[in-house]
Structure formats: structure tokens, C-alpha cells
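Take a look at the structures listed below.
You will see two complexes here that share chain A, one where it goes with chain B and one where it goes with chain C.
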Partner chain A sequence: MTERASGPMRWIRERFNIDPLIEFASHKQVPEWRGSFWYYFGGVSLFLFIVQVVSGILLLMYYQPGEKTAYESVRFIVTKVRFGWLVRSIHSWAANLFILSAFIHMFSVFFTKAFRRPRELTWYSGFLLLALGLGFGFSGYLLPWNTLAYFATKVGTTIVAVLPGVGEPIMELLRAGKDVSTATLTRFYGLHVAILPAAFTLILGLHLMLIQTQGMHEPEPWPGGKPRYMPFFPNFVLRDLLLWLIVLNILAILAVWFPWELGSKADPFGAAPQGIKPEWYFLFTYQALKYFPAKLAGIDGEVVGIVLFGIAGLLWFLVPLWDARTPRGIRNRFINYVGITVVLFIIVMTALGVR
Partner chain B sequence: MKRSALRVALVCAIAAMGVARAWAEPATPPAADQCLTCHLDQDSPEAIAYKTDVHAARGVSCADCHGGDPRSDDQDVAMSKARGYIGVPRKDQIPRLCGRCHGPGTEAFKARFKLDDVLTDFGGSVHGHALESNPGGPQCVSCHGVHSIARVTDPRSPVHPSHVIETCAHCHSNAAYMRDFDPALPVDQRDKYLTSIHGKRHAAGDIKVATCVSCHSNHLVLQVKDPRSPVYPTHVPGTCAKCHADARYMAGYGIPTTQYDDYRQSVHGKALLQKSDLNAPACNSCHGNHGAAPPGASSVIAVCGQCHQSNEDLYEQSAHRGAFAEKKLPGCMVCHGNHAVRAASDKLVSFDAPAPCAKCHRNDGTDTSAPEIVRMRGLLDSLTVGQTATLAVLSHAENLGMDVTDARYSLKDVNQSVVQSRVAIHSFKVRKLEEAARPGIAIIAQANRAGEEAVHEYKFRRQGLAVSTLIVTFLVVLLWLKIRQIERRQQGEKS
Partner chain C sequence: MTEPGISRRSFLDRLLGLGVLAWLGSVIYPVVEYFKTPPQGEAEVTSVVATKIQSVKPNSGLVFRFGREPAILVSGPDGKLRAFSATCTHLQCTVQYRNDLQKIYCACHNGMYDLNGRNLAGPPPRPLTEFQVTVKGDDVVVSRT
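Presenting the complex of A and B:
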């Protein structure tokens, strides 16, 4: 095969030995079973991230952070720049679909126990990627400097402040001051276009490398007792590509039929609009905190809530450490119940928050 | 605050003194009043005059005001300070003395003689304040006289409607006197009044007409800027309406009594009475106050021009100025009416009755002004109808999810053009109106174009989406077929 190659491949081969990579790809296999469908959400998340990077770079060409320029430049993008409306709408929709896809990916990994040894690092890196994705969402939401974004950021950053001792300093670190201001906008802009992308790219590289070297997690035991595989290339890659095209279509339909609104410019001295809510992916936390009583055992209810969420998140992150039975091959229903409870909790709280 | 407290204390003290004295020393019968007996014997003019005083008939003795002991025929005793004799009271003491009976309190004799508390009103009035600050200020006797005080209905009284003008003018036409109290206050009210319809009728003996107290009230006279005053701008129409809306009272004068109702419905009335816009004209803004009279046909334009300056300037240079003057038509009123002035509408420029143009012009081909009128109406409609139509286009675009904020915002500038055009119409010249309307018409055209482009863009987006969706779907199908082909080949190789 290598001898027969000509043209560009020969040109490349003469300069870089890609034969090991081709060898790796041609022999790489992906488990084929009823749960294989969930494998694709990792790829979909990656695709949406790429869409965001590309659309984000295009937006960067025109976006100008600053109290007097942020809103105006976004307005300019959506009204004057050719296809600017489409790029902005796709960027916003892709961000939301990315979070959704990443959540689905995380829960599919959780329920298929794909986090178990030797894939703990893949789980940890994936969890960090989701956390960074949420950070992308939170920081990017403020950038258009519109009323909803301004007050949602204000509410969001205030929640951190209730933590005793460290709350205020963290809030001030996030806001770059006592209140949400132009300084916050500049800080969020820096986070959104430099710090988070750099961190995300590094961890994403690690995450992809781990997946490629360790391979996809296989079901235990195999349904029917007989393992089945499909070639990674071209079968799995083409299916991935097919799904990406479908997602692209969905993205285009959403962007055209439901263009992301810009709203009115933020007025720091204006009254907060009624019913201000965070983005849907933070809604379950926001809604759940409402149900905490004012005081719990003499401690501020909100503080208890945030600490509990922090502990829950940490336990979720460290699930490969405390789920000791699954790696030993013992059926572990408890872990399923935990997962189902978390999914139901998120769905119910989000639905209550949306209502 | 301090002044109010002093006033309240003063009134209370006077009331207490009055009550105490009324209970302790009931009014002495005139027969036993040695003061009067003795002073009459000396042919004292005050004593002689007092015989006709309204107070004498009700048993008020000299001592009730001057102090002393009226029962003693010994002058030294009767007029001794030990018996409370004060002689001629100082001017600033007079309200307190009169207030013993005419002040606050619920004594039986007050009810019997129907004595109102006018002392409190006086204390709160502009006159009361003047007396507080200057002992030479006005007090009871300044208006009512002394020793021969008569009821207000008695023609001898200085406050009888036939005399009240002169009574007030005694001070208010005296520049030297008024300078001590309110140097900025004009002193020509009486002179103006004499030129007014009210004044002329009054001079002819008609005491039904308005005098000073009809508008300013009597004891509680307040400054015009005091919102409690009956002549405060928002109260002026109601004050005038007390007489002018009373059909029975006005019977015989031959003028309508619908002015107040008309005014309340007018654009001016709504601004003043409903929105409390003190810039809006009240009756006196057009008719004058002390010199109140209806403006003549030739002066209507000047009266309206006080506020509508630009309209007046353009009208003065228009062809209508001469034409209306020749026919003795009252300028602005011909088109806008008087008391019932409605918000001006572009419909006024029309040949359809009751539009005012139709009063003189005909659109039958014989009137050379008709095409200009049609053109002017067309220009006005281009702005108003055009603006409405463009707003509809923009709303349609917004409903489609398109951003037309800039175009919508630009339409705000059309309003300025509309206002300027509605002013320019008073020149009755097409060229002037075109100059005023042109910027607005250009903005409307631009905004309309932006709206239509937005709708077109919306359609383009949908069509673009349809094309891209078809292409991507086609690629999906191709890919799916390719995958199947590969997998069939792989199956074949395996088997």
C-alpha cells in the first residue's frame, strides 16, 4: 500500500513518517453494541466546540469589549456585517448545544461505567472540560453587555459571595471589583478568548489522547457474550461525520428560525428586569437554592446549599475513587440509582426554574 | 414656621381674651354707656358717627374697643389705665380687637350674630403678613372704616361692591405706600380695571360685575403664586366660571355661558386642568386679568402669538392676513375656534366640511388656490400617513425577527419635521411647507427602504437555509449510502 502511494501522500511521507498513524487508525476498532450510540456524543461535543472556535474567531474580528463598544459592536455584527447575524446566532446556539451534548456525554459515560480503571484520567479530564465549558458559557454571556446578561452576571457572581471567608474575595476576583462593571467585562473577555480556550485546548488534547490510546470502553459483560467491533476508520469516522452534518443542519435551522436576541443595552443604574434567571444549564442550581430555608442549624441556608452543591460536584468528580465495586466486576446498582437521582434532580429543578 | 406659630398663638390669645371678656363683662347696654353719653355731649364726630355703626345697634360699646369703664361718668375713672383704657388702638392691635368677636370661638353671641372667624383668614392672608412685617400695613379699618362701619350689603360701606374698587385702590394704586410691602407689584390694577368690560359696567352702576373680591376673595387674599389662591393659574378658569358659567346670573348680559365647559374640553384646558401645565393659557392669558375684555378680531393673532410666535410670524406674512382683516375675520379663531380649541389636525386642510378651508375655497376648478391646498394636504399626509405606513413595515420586519432599530429610531426625527410643517402651514405657501416637510419625507423613505430590505433579507435567509439544508441533507444521504457500501463490502470480504 505504501509503495503504491503517490502524489500528496508521497510528498508528506517523504517529510514526515505518518505510517505509524495510518497503521494505528487502520487497526483501531470501536466496540459495537446497543450502547455504541452514546459514543457519538463525544464527537458531537468536539464538533460543536470546533464550530464555536471558528465562529468565535469570526466574531473577534468585529467585537470590541468596553462599556461603550461591547453592545454596539455586537449590534453592528448582527445588523451590518454580512452574515454577522448568522455567525453570532450559530456561536450562541452551538455554545448551548455543546453544554447539552457534553452533559449527555458525561451521563452516558457514567451509566456505562466508562469512568472505571484505567479510564479515570479520561473521566477527570472530561469533567474539567465540562466545567470549562460552563465557564465559557458564563463568561461569554456577559460579553454583549445587554440588560439580561448584566443582571444575570450580577446574580451569578453574588451567589459565590455568600460563602463565608472566601466568598467575597472570589466574587471580587470574578468581578474585578466590588460590582459588575466594565472591568468585569474586560476580565470575562480575557477569560473567554484566551485563558479558557488555552486551558480547554490542553485538557481536550489530553482527553483525546487518552481516548485514542485506551480505546473506547467496552461493555461488561458483552451482550450475548460475544464481542463485536467496527473499524474506527472509515466506519466510525464516517458515522461521526454523518452525525456532525445532521447537527450542522439543526444548528443552521435554530440560528435562522430562532436567532439569538440581543435585547437592550445594559444600564448599571437601571432596575433589574423582573424574573431574571441564569442560563438554563445553571438553572437547576439556582432553583434548588431557592428551596433552602433561610437558616439551617444556625447557618445561612444559601451557604449550606452552595457547600452541598460543592460536595456533590466533588463526589461526582471523584466517582472513580468511591465506586469500588464496579471495577471489581461486581454489579453495582447503587451507582445507577445515584446517576438516575442526579438526572431526575437536574430535569425537575430545571423545569421548575423555567416555569 | 415661626411666623405660623406666632399667628396661632396670637389667635388663641385673642380668642381666650374674647371668651373671658364675653363671659365676665357682657355687652353694656347703650343707655349705661357713659363714654357715648359724654362724647355725644361734646359733639364728638366719632361718637355721632358711631350711632349709625352696625356694632352700636348690637350693643358693642366704645369700651369694647378702647377699654376703660363705661359705667363711670368720672372721666378719670372711666378713662384710667387701671380700668383697661387704651385710647386709640395701634394699627397692629386692631385685628386682635376686632377678632374678639370676629375671630375663632364658639361663644353663643357669635352664633346669634352669625359672626364668622375672619381673623384667622386675615392672619393667613397677604395683608395679615404685611401687617406682621410692617405696623403700617393693612388691617380691618383699612377696608371697613371705623365708627360708622356698615354691613357689606349697605351702600355706605367701603366694601360694598360699588365702593370696593376704590377701597382696594386706596392702597393698591398708591405706589409710595405699596413700595413698603411689595415693590414689584404693579399699581395700575384700578386703571386697567376701569378699561375692562367689568370696570365699564361697574362704572355704569352695575354692581353684579366682578370686583376685586370676586376673584381675590376678601379676608383670605393670597398671592397669585399661592396654589390656594382663587387666581392661581389652575384655579382661574373655575374662578371666572363662578359667574360666567352661571346662566341665571349672566342672564341679561347676552353672552354665552358655555366658555368654561368648552375650555375644559380644549387642548389648553386639558393641559392646564388635567396635566397642571402652568404654561397653558387660562382665561386671563387671552382676555387679560384686571383689564379683562374679549380680544377684538384684529388682535386675536397677537393674543395667540404670545405663545404661538412662529405661527403668528408666518401668518402675518401670508395672504390670509389681509383677506381676513378685510372681512373682519378673527384670525386664528377662523380655523381653530376660541374657547374650545382642539388639537390641530391635518384634516383642517381640506375641502370637506367642517374644515375651515371650505368656508372660503372651492375645489371645483374655479378656485386657483385649490391645487395648492391639495398639495399642502398631500405634503402633510406624506409625513403622517407615510410615518404610520413605514412603522407598519418596520413592525412587520420586527415580527419576522429582523432588527430594524436604527430605522425605527430615525423615524423619531420625522416628528420634528411634522411639527415644523404644521407651523409652516400658517404661511399658506407650498414652498415653505415643502422645505419643512422634505427632511421628514426623506427619513420616511429611507426607513421604509430599510424595512423592506429587512423583510427581503428575512426571505433571503429562509431561502438560504432551505438551500443549505438541502445540500447538507444530500451530503448526509450520500454519506449514509457510502457507509452502507463500505460495510457491505466489509461483510463480503469477511464472508
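Presenting the complex of A and C:
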């Protein structure tokens, strides 16, 4: 290998020893079984994140936060700038597909029990990445400063405030004041383009490093009893790239045929319009909260609902701690039932919310 | 080092640890404080002119600006004027008047209030805060009670 190298490879080798990396990539293997399909959703999520970074940077070239400029600059992007409509539409669609893909990735990891020892840290970091992704969605939603986004932000931040004790200060921290105002817009902008990307990149680095060093989770037990593997390079990588290409095509079709609407400019002193709904990925929470009565045992129904959701989220995050193996060692049907219940709950509540 | 008590090394380690903590505190504290938005120094509004009396029609509503927050002026079917904070007591959306229902309505979560601001249906846990309405000449003046 080393003797054959010449030209650029030799130039690089003289300055940086890349042999261990090549060695690593050439020996890396991916388990091949009926569940292998789900492995690709991690990669798809990564791809969509990259699309977000690139399209987001492009939007930054024209976007201006501020009461008199936010909505106007987005309108300028989608009506005047060449392909501006496409860039914005790609950014909005890729955001939604990213959340979808990350959810699929999370549930596939859950049901294949890939979060178990020694991959707990990968699970925790993945959960944080999804939480940050939702934060991206929530903060980015307000940036065009349209009516729907204004009231969705008002409702979303008020929900935080119902938490006893810490709720109010967190809400004021998010809103940069007592009300949703242009100060909130500036703050969300800072979150969306600086703080969240920095945090996301750090945790993503850890997440990817863990996956690379530990390798992909293998089924327990192997179907048929015999392990089968596929070389990571080039077999798995090429499949990955093909899927990325397919996703890019889906994204392009969605962005071109269903361009994201801008709506009307937010008016803080106008009535909330009918049909205020959060983005679909918050819809199940939003819908479930509607079923709580105004008062429950003397406490505001909202508070009970939010606290219950908080506890459920925490339990989900900590699943590696309470998932017990059965005496036979591997199967734990209870976990499957929990997972199926959660999936059904999300699907039913989202469907009811969409109606 | 067999002498009782703490060794010089562990003492210095602790001192260093404390120093690191103090340093972290001195960095984090100003950052946290920086994020707290200072009050805008806007004077509390106690009274505003909502509109002109000529433009108010029976069975209608008008959302207007009352200091930092929205308020609603409602003219009932009988023509009686009432004003309330327009911030829904549920999740702070802005309410509106529905002349087909003759009720104050919040579109976000289907909250319903009667013409006295009392929460009738849907999730709102409390009535709307009521303001005083007086007509001075042509002006409809709304003030805090």
C-alpha cells in the first residue's frame, strides 16, 4: 500500500499519518440482517442536517431580524431573490423531514434495543440531538414573523411558564421579556443560528464518534444463529449515498410542488386567527393537552399535563436505566409494549390534531 | 507522608478545585445575568382612548392596544360597552368578538367567554380582566379599574 502511493497521497502521508484511518475504514463492518434497513435513518438524519446548515447559511445572506424587517426580508427572499423561494422551501421541508427521520431513527433504536450497554451514551446523546432539533424547529418557526408563528410562539412559551417555580423565569429568558416581542425574535435568531448549531455540532460529534468506535448494534440473538456482515466501505457507504440521493429528490419534489407558505405578517395587537396549530411534531402534545380539564384536583389542568409529559420524556430519555433484561437474558416484551403504546399515542393524537 | 490530616498535595488540590469553581462562577454568573432582559422602563398605562364612539356598532368587537398588551372593546347586542384584557387566560392568545355567537372567543383552543368576560367553555381557567369604559365627548376611554 505504502509503496504504491504517490502524488497527493504521498504528500498527505508525509504530513499526516492517515494509515490508521484507512485501516479502520477497510475493516469496519456492518451487521447484515432484516433490521439493517433501519441503520440508514441515522445517516439520512445527518444528511438532512447538512442540508439545513447549507440552506440556512444561504438564507442568512438576506434575512434580517427585527419588527420591520423580518417578515419583509423573508418575503424579499421568496419573491425577489433568484431561487430564494427554493432555498426557503428546502430549508422548511428539510427541517420537517429531519425531525421525521430522527423520530424513525429513535424508535428503530428503541425497538431493536440498540440503546443497551455499552451504547447508553449514544442513546443519551441522540435524545439530546432530537431535543435540540425540536428547539431548532421552534425557534426557526418564529423567524419569518408571521401571524401563525407569533401565536404559536406565544402559546409554546406560555406552556413553559405553567411549570411551577421555574416556569416563569424560563419563559422570560426565552421571550427576552414578559411578552413575545421583537426582543423574542432577536433572541430566537441568536438561538437558531448560533447557540443551537454550536451545541448540536458538539453533541453530534460525540454521537458519531461513539457510533464509529463501538460499531453498529448487532441483533440479539442473530436470526438463524449465524452472524453476517457487510463491509462498511464501499458497500454500506454506497447504499447510504444512494439513499441520500433519493432523499434529496424527495426534498426537491416537495420544495418545488409544495412551496412553504409565508402567511400574513404578525400583528401583536390583532386577534388570534382560527386554526392556530403548532408544527406537526408538537401536535400530539398540543392535542393531548386539550383533553385535560381546566382544573384537576384544584391544579390547572395544563400544569398536570405538562408535568406528566415532562416525566414521560424523562423516562424515555432514561430507558437504558429501567430496561431490565429478563432472566433468559435478552427479551423484554414490556419495553416493546411501552414503545408500541408511545407510537400509537403519538399517531392517534397527531391524527386528531390534524383534523 | 504519614502525618495525620490532609497532605500538602491534597490541600493544594482542593484549593485549586475551589479556584476553578470560583472562576467558573465568575464566568457563568454574568452570562446568565446578561440573558435577563432589563425592564423597558415603559410607564404603566392606566387609560387609553380605544376608538371614537361613532365607529362603534352594536354587536361588534375591537381589539386595541392597551399599553404593552392587547385589550378588547365589546359592544353587546344591546349596545352596552364593555372592555377586557384581550389576553386569553389559558395560553395568552388574543381573543376576538364573535357576533354570530355573541360571545368573546379565543381561536387558539376554542375558549369561550360571555359578555361579562366570564369563562364559559373550553380550557380558559379564569375570567378575563375587566376594564372600565367611559365615553368622554367622542372618545371611548378605557381604563384600569
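Worth a mention:
Criterion: the second predicted complex is superposed on the first by the 351 of 355 C-alpha atoms of A that agree within 3 Å, B and C clash if a C-alpha of one lies under 4 Å from a C-alpha of the other, contacts with A are read in each partner's own complex, and residues count from 1 in each chain.
In this section, contacts are C-beta pairs under 8 Å (C-beta built on N, C-alpha and C of every residue); 3 or more make two chains touch, one makes a residue touch a chain.
Since the structure is predicted, the reported quantities are computational estimates derived from the model, not experimental observations.
After overlaying the two complexes on the shared chain, residue contacts for A:154 are found with chain C alone; chain B is out of touch. Within the superposed three-chain arrangement, the count of touched residues of chain A is higher for C, of the candidates chain B and chain C. Contacts of A:343 after superposition on the shared chain: neither chain B nor chain C is touched. By the touch criterion stated above, A:172 is placed in contact with chain C alone, chain B being left untouched.
By the touch criterion defined above, A:256 lies against chain B but remains apart from chain C after alignment on the C-alpha atoms of chain A.
Contacts of chain A with chain B, set against its contacts with chain C after fitting on chain A, share not one residue. In the complex of the two chains, the chain A residues touching chain C come out as 151, 154-155, 158-159, 172-173, 176-179, 183, 268-276, 290, 292, 294-295, 300-302.
Chain contact summary for the complex, chain A toward chain B: residues 75, 78-79, 85-86, 231, 234-235, 238-239, 241-242, 245-246, 248-249, 252-253, 256-257, 259, 262. Across the interface of their complex, chain A is touched by residues 35-37, 40, 63-65, 68-70, 72, 86, 88, 90-96, 106-109, 119, 123-125 of chain C. Remark: chain B residues 401, 403, 405-406, 461-462, 464-465, 468-469, 472-473, 475-476, 479-480, 482-483, 486-487, 490 touch chain A in the complex.
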